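Across the two complexes that follow, chain A remains constant while its partner is chain B and subsequently chain C.
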Partner chain A sequence: MTVTSTSTADHAPPTPRKPRRAGWHGLVYVLPALALVAVFFLVPLGMTVWMSLHDWPLLGNPRWIGLANYDRMWGDAGFWNAMRFTAHYTVVVTIGLLGVAMGLALMVQSQGRAIAFYRTIYFLPVVTGFASASLLWAWLSNVDAGLFSPAAQMLGMTDRRVNLLAHFDTAFWSVTVMVVWKMAGFYMVILMSGLQSIPSDYEEAARIDGASWFQRFRWITMPLIRQPFALALVLCVSGSMLAFDQFYIILNGGPRNQTVTAVYKIFNESFVSFRLGYGSALSVVLLVILMVLSAIQLCLLRDKGAAK
Partner chain B sequence: MALQDIGNRQTAGVTLRRLHKSFGAVEVLKDISLTIEPGEFVVFVGPSGCGKSTLLRLIAGLEEVSAGDVFIGDTDVTEKDPSDRGIAMVFQTYALYPHLSVAQNMGFGLKAAGRPKPEIAQKVNDAAAVLQLTDYLDRKPGQLSGGQRQRVAIGRAIVRNPDVFLFDEPLSNLDAELRVGMRLEIARLHRELGITMIYVTHDQTEAMTLADKIVVLRAGRVEQVGAPADLYEDPDNMFVAGFIGSPAMNFFPAMMGNGGQIELGGSRIPAPVLSNPPAPGTPLTLGLRPERYQIRTDGPAPHGLTFQVEFTEYLGSSSYCYGTIGDGLACTLELPNGFRPRRHDVISLGLDSQNMRIFDQSGLRIR
Partner chain C sequence: MNFRTLTSSFALATLGLGALPGIGAAETFSLWVRSDGSEFMPPLVEAFNAMGEHEANLQIVPVDELVQRYAIASAGGSAPDALSLDLIYTPAFAEAGQLRDMTDFAQGLPYFDSLSPAHLSVGTVNDRIFGVPFSGDASFLLWNKDLYEQVGLDPEAGPTTWAEIADHASAISELGDETYGFYFSGNCGGCNIFTFAPLIWATGDSMLSEDGRTAMLDSDGTVAAIDFYRGMVNEGLVPAGSQTDSGANFFAAFANGNVGISPSGSFAIGALNNNYPDLNYGVAFLPGQDEGQFSSFAGGDNFVISAGTDDSKIPAIEAFIEFAYSLEGQQILVANGAVPVRSDLAEDVFEGLDERYLISAEAMANGRTPYTTVFNDIINSRNGPWITTLNRAFFAESEEEMMQAIEDGQAEMQAIIDAAY
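So, the complex of A and B:
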């Protein structure tokens, strides 16, 4: 066999080739997802905004009132109380949840059969529905038939049975503990995936460099799990801002309407007082607040050019 | 600025006494005893899974010793934390923190030790100047080439002013050309710093070119310790003889004959002088390096030994020829310059008995 050069044999310019295009068939693939987003998010969102510009009773014809529903919020003490309480709850529960989840993730990030067992145990409450967990907690907190109050008395922590749900502080912390118990496993999994993606070399290099456990956590671990942490934070904050079930089922907004959250307020306005237009306006405001908060969190936690 | 000006350098030897390491039921290091003199460049070499990286990690304190002692200088460091051993380590992956700049990476150890910022900056700048990293101090590791990352990893180690440097396959992620360049840099670093360096590699070329002393490991045991030339010329066993040198030593099954001769593939060739020669009829293995044959073009082979050419590798400055001798025994030859045999050519070979290495059936050298 012989091989010869063809460079002088063919002087014709090479045939230009068009780059391949994805074409319209790509759209077909995303169409189902687009349809779902349109039907279940965009259309309801548009309807909510439309309703918020009306006086929209349950029965009877809606009446266009422009921005009057939004204007009304300024003077609605119930709205401000709900927003204040929601913000307070969000801060407390986010700190508690992410703190506990981080601790659990650090404990169960290594491999092993026993570790897998603990991971499962910590994750189990996540698969319980919020309503079921709330009913369980309501029963556990019951002053007569529950467990917490008799247990506290038996252990000598109190001299008589205390109704945990009758006072704001104990009621608030009771619900917060329930939410942390129920949701910590979920955030543990997110943070654990981040921890497991950090090469062990970094930890070892830092150990040789003499960094303490806390220094390694602060200077190496936390910056390297920035993205999963941001995801956990956004999910946690938005989830807390939308809290409703637990306060409705366990506390029914009490004591003295002190635990009415933003969504609870929307529920009351829309489905108790049947002011659907005003309820829609509250929903739109809550959505805007959530979008702004999420954008701020993602900006603050954005990975600034750290190349792997 | 010269390297030795960075900090007040001192160095220490390393002594390993009867070191064992097990992971569960698997014993990966078995009774390792070794003395590394202060300022020595020692290379642990061996095939994958031989335990060389584990041995380095035991010295670093990244793994716990199952039994035995590790001394750095006169201090027993077996139970000490890695940071208290006076060591610095360069990892195979460099282990540079991706979110920190080059300067922050290099100064990380000093920052963790709570040193003042001006002192950290001074030491980082000095090391960066020596390693030609001054222009890259503000960059992130992801913005550097492989060679630059390697230099940052070395710089991070230098800034810590260690007694002992540990390298865990530091060049294996680099391309061939860069590997040669970095090898020279590490050799220069050792010459100028004079610090004890322990280097792990599976590449025997790196081991031969860098080491004052090579430790050859196999299956968790030390096979031989010695200077590169000693291991090449005077291996203790077939494993070392075959592992050190490229292309590898040729091994042929042979038998001790009468009258101080060895029977090899139908030929009878004079045996080397042995202090304890095996009895006639004893099976043995004859080892010959590819460059230690004489290619006879002026007549028939003196002992009737011929080589049939299968194919030839031309490498520019040298050529290797692969083929068979005797009754089809695989053999590699290094060819003299200008000699280009063709496939199926038959070459007459001459052998100098001083170049033969004789091994018994268990693979141990017969001297």
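So, the complex of A and C:
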């Protein structure tokens, strides 16, 4: 320790300017990245906030109205219904997705040619776009021309055709199943990378000590994949809070407007009612909610061991 | 956002129709039309460009996106020079300062007095004309003559009252095997203002007051018309998919040939004749409860010029408008499903065309154009009170459920109107 500090003092000239110059150099290196962030993130964000302070029609001139858009939100039942539905959907889909993804990850974590084949199969739906997957699902769920309804009838589950998309429960579950089918492979890969990084000795030691499968999963696997799990959770929650395509394409927010999500509400305000200012204000609020949610999740899942 | 969501069935792609550059003061101008015009606009532009003097560059825009795309293009300084605009939007565009004043040009036309008054009235803001009539779009019933014949109904006599619609539909549904008596898009606001509202108007009632400030979803005529549709749904005369059809099947269901009767519009004549020449269909008015009553939606496009369009392009654009108003232009429009907007030429225009075109024009003449500044919010929106109420009520299992839906919808619609005025 002493040796090191002495040698530093001897050989490195005491230049207080050097770190500053290094900082300046560093700034030059990150400048392109900063410029990208500024142009594609900060400027649009600033514009959104700016627009949210205006009565901003799609055509015509904006008018400054201060915080009136934010004030209006409190009395907008449509917005709160949309938020409530979005939260409901987020909880259900996150549990479903991470549960299925964890199951898949446990199944495909080992090596082998057959395993690689299954991994690919499970991952395949991820590369479809949400819009195309939704269109596919809308067609499959169509009562007259689709697959699900006639199949259920043939299997004797119902005696008459049921329009899945016409009732909240069936419509909601139809979309949820689609999202799980489409996205589980993505979270599987994240969780799998975590599982593979666990040294196998831990597992062996626990096994020798007589720990059951569940005990090993709970006390060895879960704590050790905390970080990839936190990543998957934050991605899944924020992705679900921003859900739009599937509800717009498959359900049109129906039946009875029960599946209008927060982003759908923002879309309606901005591009159906042409109130861009109000739409921007809603976006800003949604952004703040998302930031808070993500911060809470990251805090809860912070690796306390590593922090010490 | 539109009266009908025909988008899915037609040209989503942009369509550029070029021609050889002309001579002299030839000008090229850009022209937009919503996808509903994809039957009549391309042949008209082609004929105009073939004259070789000027050139119109046509772009077909999906009907749901027209307003947004225009606003974005306009903000970026690349608005189209001219536009065939859904007449409902003309006042909003004009008030936002987006359109060029066309008063002098319009009033200078020798046949100005015979141009469609309904179009001109929405095209006029503060006594200045910002949009001139371009194409008309009426709504009516289509019936499949082959299916009528199969079940022993007179194939030349379409339904003239609600009761007849239900009777005929019931007879055709007897055929079974995926054949249904009646089809409507049960989750499409635009489709239903276009084809269901006229059933209400035919009774003399309405779902919205003349000045657009009072919601009347609970009026007697509205409730009766809703109950009429609900009855047909209950009896199984309508395919189950109708309940969740947000317009994708509005046209396709009838065109496929296994639906007896379906409400539709002028555009369907062009589309059916051009694309389904074997379908044997008739056109009847959208009737009321009693014999002799009928109505229609009076829709269509106004032709407008963007405020920022360069003066040098105006002669070319005016030449295009005058070409559309010429006998040849009107004939092209009519043959492809549009209702003509120049009444003094009607006799020549309809010469040689069958009765279906005449019914379409007569329906238009008896049509209504509801106007309210919150049209999109209450009528066209997929989540607005108009379609939400109709959807709940049409497919309600009991009368109480239907009345509850109507009551809720009435309150919601009035609340939106009140907030706007």
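Here is the rule we go by: the second predicted complex is superposed on the first by the 283 of 308 C-alpha atoms of A that agree within 3 Å, B and C clash if a C-alpha of one lies under 4 Å from a C-alpha of the other, contacts with A are read in each partner's own complex, and residues count from 1 in each chain.
Here, a residue touches a chain if its C-beta (ideal position, glycine included) is under 8 Å from a C-beta of that chain, and two chains touch if they have at least 3 such contacts.
All figures in this text were calculated on a predicted structure; none of them were measured in a lab.
Partners chain B and chain C fit side by side in the overlay (superposition on chain A).
Once the two complexes are overlaid on the shared chain, A:Leu282 sits clear of chain B and of chain C alike. Once the two complexes are laid over each other on the shared chain, residue contacts for A:Val93 go to neither chain B nor chain C. Touch criterion not met for A:Met102: it reaches neither chain B nor chain C. By the touch criterion stated above, A:Ile190 is placed in contact with neither chain B nor chain C. When both complexes are overlaid on chain A, the residue A:Met241 reaches neither chain B nor chain C. By the touch criterion defined above, A:Val260 reaches chain C but does not reach chain B.
Minimum C-alpha separation, chain B to chain C, in the superposed model: 51 Å. In the superposition on chain A, none of the residues of chain A is touched both by chain B in one structure and by chain C in the other. Contact residues on chain B toward chain A in their complex (touch as defined above): 60-62, 81-83, 87-89, 91-93, 95, 97-100, 108-109, 112-113, 140-143, 156, 160.
Taken in their complex, chain A has these residues touching chain C: 57-61, 142-145, 161, 163, 165-166, 251-257, 260, 268, 271-274. Looking at the complex, you find that chain A touches chain B at residues 199, 201-202, 204-212, 215, 219-220, 223-224, 226, 303, 305-308.
Contact residues on chain C toward chain A in their complex (touch as defined above): 1, 67-68, 70-71, 74, 92-93, 95-98, 178, 187, 239-241, 243-244, 246, 376-377, 380-383, 388, 391-392, 395.
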